[in-house]
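Let me begin by presenting the structure, written as structure tokens, before commenting on it.
Each chain carries a letter (A, B, C and D) given by its place in the written order, and its residues are counted from 1.
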């Protein structure tokens, strides 16, 4: 099945933030007022109610020139998604488009995905049920998978007026990124394509004007080693151990019945009588 | 009335995925049960009306999706050659012009010296406004000035209108001048 | 074997009240923690969520029991610090006979013929159990904090926390299944279960299982001499 | 715009304030176009530009003046264009002079010029005397060359504070568009117009563009980016004191000829150019307004129109209000307590009214000016306030006109929220109620109002279709809709509520603003999408896209051309020209047909403050004027006293400017009342350089106090590398900037920047000088 990619060329972005409200509008997300952050940026990072945030960065490049950089930041939809790996409820899954989605019916709000996302894009939201009892659900960008299913593009891409965002098959988008990179290398010598292989590549692919660290992105993100140790080793082994112990005891019970007949039945009874 | 070719350019050729999904939905065995079960596609049964953005002077086209007597979504009009379906943050948010809890929904009156609004009905408001307009006009109307006909009142001002429709500005311009108002301004200067 | 000659109602004090309480709270907390987390560990048990009042409630219960789970150590330490340190001392004291114990234990476990290896207050199996449980508890409690309060810990600590919680718990459950089996189901050790509830065990059983300890106490005059005919059953 | 080879963006920040217009620049960039951003602050537009140059606010004229000198000296002008399509060759009469900042004819006491001193020499039959060689010492060209010879790069850059290298880069890049086949555009907005020299700022852009031959062809022109959705339409429809609909000037009590219609028309109708048809438009308007009551015998009702005797624009309106001269006011969706200059005073002024009617979607700072939160004592304010809930744009139907004059229809999507009603209904019902109250009044004073025709159906709701048709106009003999303004007459047999729109509704059922066919017929003009006035023309002055002989200057930039076979002008757009006038006929090269003599004006004897733009410092400036000894525009009207205090540069040494952010619109009354936009831009801030912040001990995110002679506000400091102090004449000048959207109502609240701005306006338009004033800054604690 063809995989799709949201291709973000940050050098074309003019920071209008239509993507932020388009997302809220389509997904019916409430506003989330914040304190003044000292720049034009509205939120420090993505949250459960703000699935994409426009970053504004003032960066002095190697030549001492000022660069005013913008980045639409949202879920990367990793090919090897740590969130999917650690979710204990199988609430997180890959879609046929390549997006990674959270099934809200299955999510129990444990927050494992929140802590393990290498990009820190997932957050928990607290709700109140009709009895006033609180419960939590994990949220992040869905890549508008509901729109994809109807043949529409993600809301953020649809509204982007500078062409900084495009949506299409991976085969079509990656060469575009390559081509764009060669065009902008003159102006941005540190420009790079951000499609980190440590997580198997992502379905949000960036052309960045500067090194990933300038945008606060990990240079080489991976599924955390702890998550691998935990999910690929500890948990299966743990389950096996539990199984083995149980089997051993079942065995013990049976053999006791078989071989320990003459045994200490009276004394057992005696012991029991003291309860 | 409105000739529309909705979302034409927005459709993505998902290698037949669309057709397949739709067909499956129709047949009633959508493989994506989770979505189909709990959530109807947001704009599936909405009415779509084209409008023009009410903010800056670029004149972008916007589609307003309405359902169950509320606005459920607003997005760029892909057919409008000015913006080709694209919008800025303000245009994208048009929906909240309708849904905002801060919208005024009733005529409000504040009496002289009062520290609060009172709700009034439209008829009372417009009658009283007409009365005040007439009182002021009648007491200040100048027919002749230095021997020439001037037919004006310099005690009433009308300000604003740069966000009104053309037809409204026309009637406003006509009404105010008909009453003799010379302090007539909109926001071109500010 | 002489035990059938001993009066079955002859009881000796094995555990302090503090220990009994601590053990009980610990055991119940563990079970509760186990049940409240089970649906997250194994999807098969998702049906537990509605019973527990939903995932949020399960999480709340888990945290309440997490607190009670930690408390026994404190109770034991405060109300019977002597017993506590004795226990600790036992855990670090290992002799050759402790190793011999294990070969005999396996035989006993599966109901084959075996001989009692002379043991002190805790036998080597119990010591093993204690050590493993302490180790697991440290892992579980230690990792539980960053899991509960992720905002106050570095991300890597929280991430490894999940791992250790998982390992600790996996290990603990395996050990505990054995522990419970031996105490509740296994014929030979069942009097120990009563002991941990009442604090008292049959004297004959204590003597058989913890010979060295029994003899010491006997010397001190705390325990009766079971070889004394007046204590003999049929005498 | 996407066809441009170079866009010079000055006094505007389209990436932040008109993002969709920026979309087209992005497309131009992809096909090799260059973008130049000139701004005191490094903006998001600058970030996307190929060339950025900073300047001190209020120095556009030196900046462009220097470019004019550069273009003239380096022979980077499109000479054939200049000779044929501008008044460069016209000979100016003796008596014109310019000396140390003053043009001839200045009356110092009244602060006005006698413009007759700047006349063009004419032949006995009224034609201008010209010198096509452009060498006559009194030719416009030579006078202009002399005037701007003083704008050498060194002087210019010491005044603007622009680094010289950057400045030269701008000159070089933009003047390349003088080449035939290249087109450059200048984009501007309020950063240009909101100055005491605002009109001359625009004029000097036009001069540069004319010299480079950049007007009238695709990718060229000077593009004003309008701030409001229908500021174009509301201007077209005469919602300004000095214009009736369609830019027909108002009759004035101060002009003796205006006593009669005949005199008015004779005085105001030029002999040549399209405006020579003015009488037809005026009479048709009077017929639309007064119907059967407009007859040849009563000058078609001309005397019913009010005649003012002064300037009634925004600043004067509020001055009059402040002085208690006004009793009542209608405010349609406007919020001067946030958006007006010296807003603290404008708020006080409202309290002097007897009654105030506010029509809005929200409770604004203006309609609530009497509340305690506004800093008022309600008990002392006797203004009666009527606040009427208005429908949002998609809760009603009607058309709006964008900056490119496209008249697009908006359909009704949903019933109005609550009891809100469309403004059209409100105006209509008010008119009906007043008509009823005045009915049968015998008083002569009431006659003008009673004579006004008001027939828009019988119901409470007006029939909007009837309004549309009245605007288009009728042939009154047949009762049919008129095909266009070409058919209008001055004998009372035609009507048209707004002649420039005439033709948008040429037949029953064909309201062209509703056209939604977006198939492009060439040149991306989309002639079947909506309607553009006049007569669906998309590029004004498109005759200038062809050379005098009628052939396009270049193939790539072709718009219309003369087809000798068909004997008419053809092409991709509707010709802004008489379609059958051959290039060889009289007037056949008059590319600027709306102007007298059909040429564009390098020398404009019509403006109040001089025929050539000259640099004057803003009302409040930290430095003396380096170009002449007139500090302030000599023709700017100064209001003195308590209503408009002036700041001293010693006390207030920092230059300040105001601007908008993407997420908020104007006074913010619309956007601050919406949750999503409020969360994006939720706080009032002041941007300043790291250097200034260091000097003042201010850290990023600190609360600070900004004060001017008019008031003080509290805000967050946004310390940024994007603001740098400029060096003006060797002296370090700090500049700060702040958004002017905030007030205390809505979700996003903050202090109002306009409490700092002065009440002084441009000499021609009275647009207030929001963009350069003096202030001081300190930490709040």
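Here, contacts are C-beta pairs under 8 Å (C-beta built on N, C-alpha and C of every residue); 3 or more make two chains touch, one makes a residue touch a chain.
What you see is a predicted model; the values in this text were computed from it and never measured.
Participant: Based on C-beta pairs in contact, work out which chain pair has the most and send it over.
Facilitator: Ranked by contacting C-beta pairs, first place goes to B-D.
Participant: Let me spell it out: compute each chain's centre from its C-alpha atoms, then which one is farthest from chain B's centre?
Facilitator: Between chain B and the rest, the longest centre separation is with C.
Participant: When the C-alpha atoms of chain A and chain C are each averaged to a single point, how far apart are the two points in Å?
Facilitator: From the centre of chain A to the centre of chain C is 41 Å.
Participant: If you average the Cα atoms of chain B and of chain D to get two centres, how far apart are those centres in Å?
Facilitator: Centres of chain B and chain D (C-alpha means) sit 23 Å apart.
Participant: Can you compute the centre-to-centre distance for chain A and chain D, using the mean CA position of each chain? Integer Å is fine.
Facilitator: Chain centres of chain A and chain D, defined by C-alpha means, are spaced 49 Å apart.
Participant: On chain D, where are the residues touching two or more other chains?
Facilitator: Residues 19-20, 23, 662-663, 675-677, 680, 747.
Participant: Residues of chain C touching 2+ other chains?
Facilitator: Residues of chain C touching two or more partner chains: there are none.
Participant: Residues of chain A that touch two or more other chains: which are they?
Facilitator: 16-18, 20-21, 25, 161
Participant: Just spell out which pairs of chains touch, all of them.
Facilitator: Those chain pairs which touch are A-B, A-C, A-D, B-D.
Participant: Looking at the complex, which residues from chain A come into contact with chain B?
Facilitator: Interface residues on chain A, with respect to chain B: 2, 4, 16-18, 20-22, 25-26, 96-97, 103, 105, 145-146, 148-153, 155, 158-161, 167-169.
Participant: Chain D touches which residues of chain B in the complex?
Facilitator: Those in contact with chain D are residues 1-4, 47, 49-62, 64, 66, 69-71, 79-83, 86-91, 93-94, 96-98, 100, 102-115, 117, 122, 125-134, 136, 138-141, 143, 145-146, 148-190.
Participant: Taking the touch rule as given, give the residues of chain B at its contact with chain A in the complex, in rising order.
Facilitator: Touch residues, chain B against chain A: 7, 10-12, 14-15, 17-18, 21-22, 32, 34-35, 38-39, 41-42, 73-76, 83, 85-89, 91-93, 95.
Participant: For the complex, give me every residue of chain A touching chain C.
Facilitator: 86, 88-90, 108-112, 114-116, 120, 133-136, 224, 226-227, 229-230, 234-235, 237-239, 241-242, 244-246, 248-249, 251-253, 255-260, 263-268, 270-275
Participant: Considering only the defined contacts, which chain C positions touch chain A in the complex?
Facilitator: Touch list, chain C to chain A: 3-4, 8-9, 11, 39-43, 46, 49, 54-59, 109-112, 150, 155-156, 158-160, 162-163, 166-167, 169-171, 173-175, 177-178, 181, 185-188, 190-191, 194, 197-198, 200, 202, 204-205.
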